[in-house]
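Please find one structure pasted underneath; my questions will follow.
We just call them A, B, C and D in the order they show up, numbering each chain from 1.
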Amino acid sequence: MIRIGIVGGTGYTGVELLRLLAAHPQARIEIITSRSEEGVRVVDMYPSLRGHYDDLAFSVPDTATLGQCDVVFFATPHGVAHELAAELLATGTRIIDLSADFRLRDADLWAKWYGQPHGAPQLLEQAVYGLPEVNRDAIRNARLIAVPGCYPTSVQLGLIPLLEAGLAQPGSLIADCKSGVSGAGRGAKVSSLFSETTESMKAYGVSGHRHLPEIVQGLERAAGQQVGLTFVPHLTPMIRGIHSTLYAQVPDRSVDLQQLFEQRYADEPFVDVMPAGSHPETRSVRGANMCRLAIHRPQDGDLVVVLAVIDNLVKGASGQAIQNMNIALGLDERLGLEHPALMP
Amino acid sequence: MIRIGIVGGTGYTGVELLRLLAAHPQARIEIITSRSEEGVRVVDMYPSLRGHYDDLAFSVPDTATLGQCDVVFFATPHGVAHELAAELLATGTRIIDLSADFRLRDADLWAKWYGQPHGAPQLLEQAVYGLPEVNRDAIRNARLIAVPGCYPTSVQLGLIPLLEAGLAQPGSLIADCKSGVSGAGRGAKVSSLFSETTESMKAYGVSGHRHLPEIVQGLERAAGQQVGLTFVPHLTPMIRGIHSTLYAQVPDRSVDLQQLFEQRYADEPFVDVMPAGSHPETRSVRGANMCRLAIHRPQDGDLVVVLAVIDNLVKGASGQAIQNMNIALGLDERLGLEHPALMP
Amino acid sequence: MIRIGIVGGTGYTGVELLRLLAAHPQARIEIITSRSEEGVRVVDMYPSLRGHYDDLAFSVPDTATLGQCDVVFFATPHGVAHELAAELLATGTRIIDLSADFRLRDADLWAKWYGQPHGAPQLLEQAVYGLPEVNRDAIRNARLIAVPGCYPTSVQLGLIPLLEAGLAQPGSLIADCKSGVSGAGRGAKVSSLFSETTESMKAYGVSGHRHLPEIVQGLERAAGQQVGLTFVPHLTPMIRGIHSTLYAQVPDRSVDLQQLFEQRYADEPFVDVMPAGSHPETRSVRGANMCRLAIHRPQDGDLVVVLAVIDNLVKGASGQAIQNMNIALGLDERLGLEHPALMP
Amino acid sequence: MIRIGIVGGTGYTGVELLRLLAAHPQARIEIITSRSEEGVRVVDMYPSLRGHYDDLAFSVPDTATLGQCDVVFFATPHGVAHELAAELLATGTRIIDLSADFRLRDADLWAKWYGQPHGAPQLLEQAVYGLPEVNRDAIRNARLIAVPGCYPTSVQLGLIPLLEAGLAQPGSLIADCKSGVSGAGRGAKVSSLFSETTESMKAYGVSGHRHLPEIVQGLERAAGQQVGLTFVPHLTPMIRGIHSTLYAQVPDRSVDLQQLFEQRYADEPFVDVMPAGSHPETRSVRGANMCRLAIHRPQDGDLVVVLAVIDNLVKGASGQAIQNMNIALGLDERLGLEHPALMP
């Protein structure tokens, strides 16, 4: 059995790790931490888990105990993994960080977008960006894995086939993304209240969202050159799901884009290129570690539209984290991640 | 592997059977029927199942093929199982009927509530009411199982401990039940449209709902005498979930009701008696084969309030059907039904 | 024009007062207060009001300014009106309090349920309970009006015809009430988050809710004797709306209940007795100052079921407050309150 | 009083006309037609209107009666107005058509997109496109008004200031639009069911939507030249609201776009240019005849993002229809349309 620790288990990505790992045949949660909920039983906070983790309670983070785990997940706000990572890595455990702490290669860029100095720049060298469809080999040997953000996962999976093939004009990409409310976390904020979000739609962060540099970093890696991206996130009245509508100028009509995407992801267990003409729904991936894609060229023009859907808490966070764990530990990548979406 | 047939697979209970059976280690769907969708691939109708049933297509019901299955589920409107059951049973297969066709013991009562003659009264003798918490032994040997309705499951599980113990006054029981919209099925009806149901709540069928005689039959069996029940169902703006708020006069205060319920369900894998003072949420069972209960005696009065939640498509339909299958085939009752609820 | 002050205008009942008063031909908001938002323009906080209150900003409560108003509404948490009422009444203005501060006649009972001493017991004598259908004459001369709570409005309107007529057995009344999430206010609480409340239903406060003594007080007044009430509130995934399902033993079958209700409310502009057999939906009163009722006697038994729907923010709060204002000032009671519900 | 007829009053735009006209001081509904609901009282179908139209029942369309109205609204599927318009216009009444029948100037283009011949090409000459912000003078004298579609209203209002000023490159415009489910109408379709649409987001019609040629026609009129538009509509889990996110290349940075928009719409009662940096929410216009706009230039790049929100049933249909009526009859344009949005 894999001994697992979770730092910061009270938020949505934390409870989602618990939900998914309950179905993982080789996982055992050894410790889950929360300063604010110390001593509280997990099932008292999350009755949906009754019968699964009846003996587990939140405890205060403690390097010694965490260090005895094979894998430690960080499901924490940014900054926390910076603080604890070096000490933990020294114990020999692996870290899979769901926060933004190690996603950007450039510490200064991180500092600029997060408004505070990078807390562990010396670890960036060994940090691996955990997007398996791009980085699987590096993940296999990684001890410190940065799980991609939810928006970045969907946007990268939707655009990199075009960029790797040199087909998309890199200067004017657009990602119009719609996210469910759980993406804003479980914090008590007026803007996340039911009565403030349901039955309404809005854009936010149009002037600049923290996922922008992460997406650009990934797209530039795929393109091998600078890219220009306009990223407009929207808040949508649903709990889970991201729908990314991606626009790219692809003047070359000689390439069969459907085939290009199908070949790019032929061996990927968690990317599904849908038949030509499809319109993927976010509910088709609800609760599932899957990204579904569809490629359109409306009115046969220069502009290609890629539709990409994921569950922000699964392929956009906790499911992808477990996929990384499976790869890093040499297990079947699909372990614990094969159940279908909950539909309806 | 268990060879499984599904008659009428295009509705919500049909696709829910597919979703749940995808995680069942011993199940293999041999055939799924639909007259209206003949030839359509299951995954083209339900993209959420892509990767799970890629080779399965809907076909026209055919007794010969269905007869080669170990189990045939009926996920059909009432009346269909009446027509096909006798012929199918003759082939030696087992039938697990999710419709109302064999739930009532009394063919005349059935005819009265469903407005048509009972189509197979000669089979009532062998039909077993598939509520495992009451009827497990009979299910073990059953060849024709009537899966309880969604409302009846939650109401019976919530009230039978009081009735079996002779504590509740049987004449004035009340079941105030709130159901998600999926309970109305996948039929194209104006009354089930998003714009007609979201952001609103209403009662319906107050003068008489078809689940009433089924509930009464079950409660009378538990009470060993006639019961009087007022049943008021409500339509609630959520996809899944039933919340039954049950009221019973229990003048005797000498019995510890919490303990009574805990003991009654101590060995039940799919009934969860929550701690005293709890308020179960329907989301705590979303997608899970579980009934969670809480018992209250407000202001220490004579009236006891039992709160019971289930997912109408799982413990209220397809999950319970699989639980019945597991029991009938001598398998571990929990196979394929152990994943936690999807929360949030 | 009526000069109006609003104390505590940032919550849902505050903004609802603004919305409704924008359509009132004789109302002019002179001052709206909020300590936390001092100086913020109302339309910057509530862009839905742009074009209506462009010059209005939140200010710190100030008795002198408030005292120059004809009417001061309190849309505050409990306790605030206790503090300010005496001083304000001394200026000659009228107070219409949407909080719970003056709803209970008994200061000790108030103290027990609210966990703090009553802050203005000397004013209880002159406080009038603002349920116009019961208390219209007293409201006409009132200077201090306690607007009923949302649950209490719907439960009282649904049960008092039976109690006034001496038809309902007073000892075993049940109010099973379902409320939208806005009833929990605009405070930043985890339990009111979209991802915690949508797609789920739960009961709460079964052991005792603060609206219970208020309802009992009103029902006892109607019955002329003690009543026993079990009150179970539920949280429903919708913004607005209360659906109260009321149960009463009415053994006497000689009275035409439909007629009884129609006569009781014949002259009431804001109570709508629907045709026999109806199932009112909460959306039929969304945004409207209206209570719709339907009366059922299922299976012709002793138990009568009354269905009552209101919009908790309108007839359950701000609309009823304005109705009280109109009555108190001798205006047409319907002024500003006649627009139909928003449907769909 | 203005005598009003409504043809096809059972759908959402029909009932929305009724809701809005109930608050119009000079409107009187003389006749409302529906073949399928002949004889049904309006308030029995729409209880939200009880007390407002108690004596009105649906009748079969009849030119003689309709012809006695001052204005006849068509709230019908496409094709119906084609059939009846000529005969009705001959009676001297005015027609305000909410359907697509007279929106396109080019009968062949109409035939291509609607898959049937245009039924009244001879009337196109006199048909006026009813977007007041562009066409007010023509509306004043019009006898046949084509009310713009919901998507076209929001997209045109958001882009025409840039196109009229010659600032946007006309060849690569993008409209990423999100609509509530009521836009799909009140027809009984599986794809509009609550359980099929809530908690999910999807694009649809990416290869071509019928509103595309209407939008292009309007944008080309503003630009004075051909435009290229990619239009991607999305279905969003809310009843009402359209959020259009509009992308245009505007390389010239010398113009203050905020000022440009504010001046363009300075005298428009139903277009609200929000302060720089705003993110309008659809709920801020729920139930209101208003379009709110915000202009962004992310990362100070060439691409300008305009956010435009409307209520699809109001400024996108019935409200705009009434606005047209007011203009055509020489009334104050705002009559009956001034109430604020319903928020929350």
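By definition in this document, a contact is a pair of C-beta atoms (placed from the backbone, for glycine too) under 8 Å apart; a residue touches a chain by one contact, two chains touch by 3 or more.
Note that this is a predicted model, so its numbers are computed, not measured.
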Chain at maximum distance from subunit D, centres defined as averaged CA atoms: B
Pair joined by the larger number of C-beta contacts - B-C, A-C: B-C
Centroid spacing, where centroids are CA-atom means, of subunit B and subunit C in whole angstrom: 39
Interchain centroid distance [CA atoms averaged], subunit C/subunit D, Å: 36
Computed distance of Cα centres, subunit C from subunit A, in Å: 45
Where subunit C touches two or more other chains at once, by residue number: 12, 180, 182, 195-196, 198-199, 237, 239-240, 280-281, 283, 286, 344
Subunit D to subunit A touching residues, read off their complex: 172, 174, 176, 178, 180, 195-196, 198-204, 206-208, 228, 230-232, 234, 236-241, 243, 245, 247, 249, 277, 279-283, 286, 296, 298-299, 301-303, 305, 307, 309, 344
Subunit C-facing residues of subunit D, complex: 12, 15, 18-19, 22-23, 46-52, 182, 198-199, 239-240, 272, 274, 278, 280-281, 283-288, 290, 292, 338-344
In the complex with subunit D, residue positions of subunit B that touch it: 12, 180-182, 186-190, 192-199, 237, 239
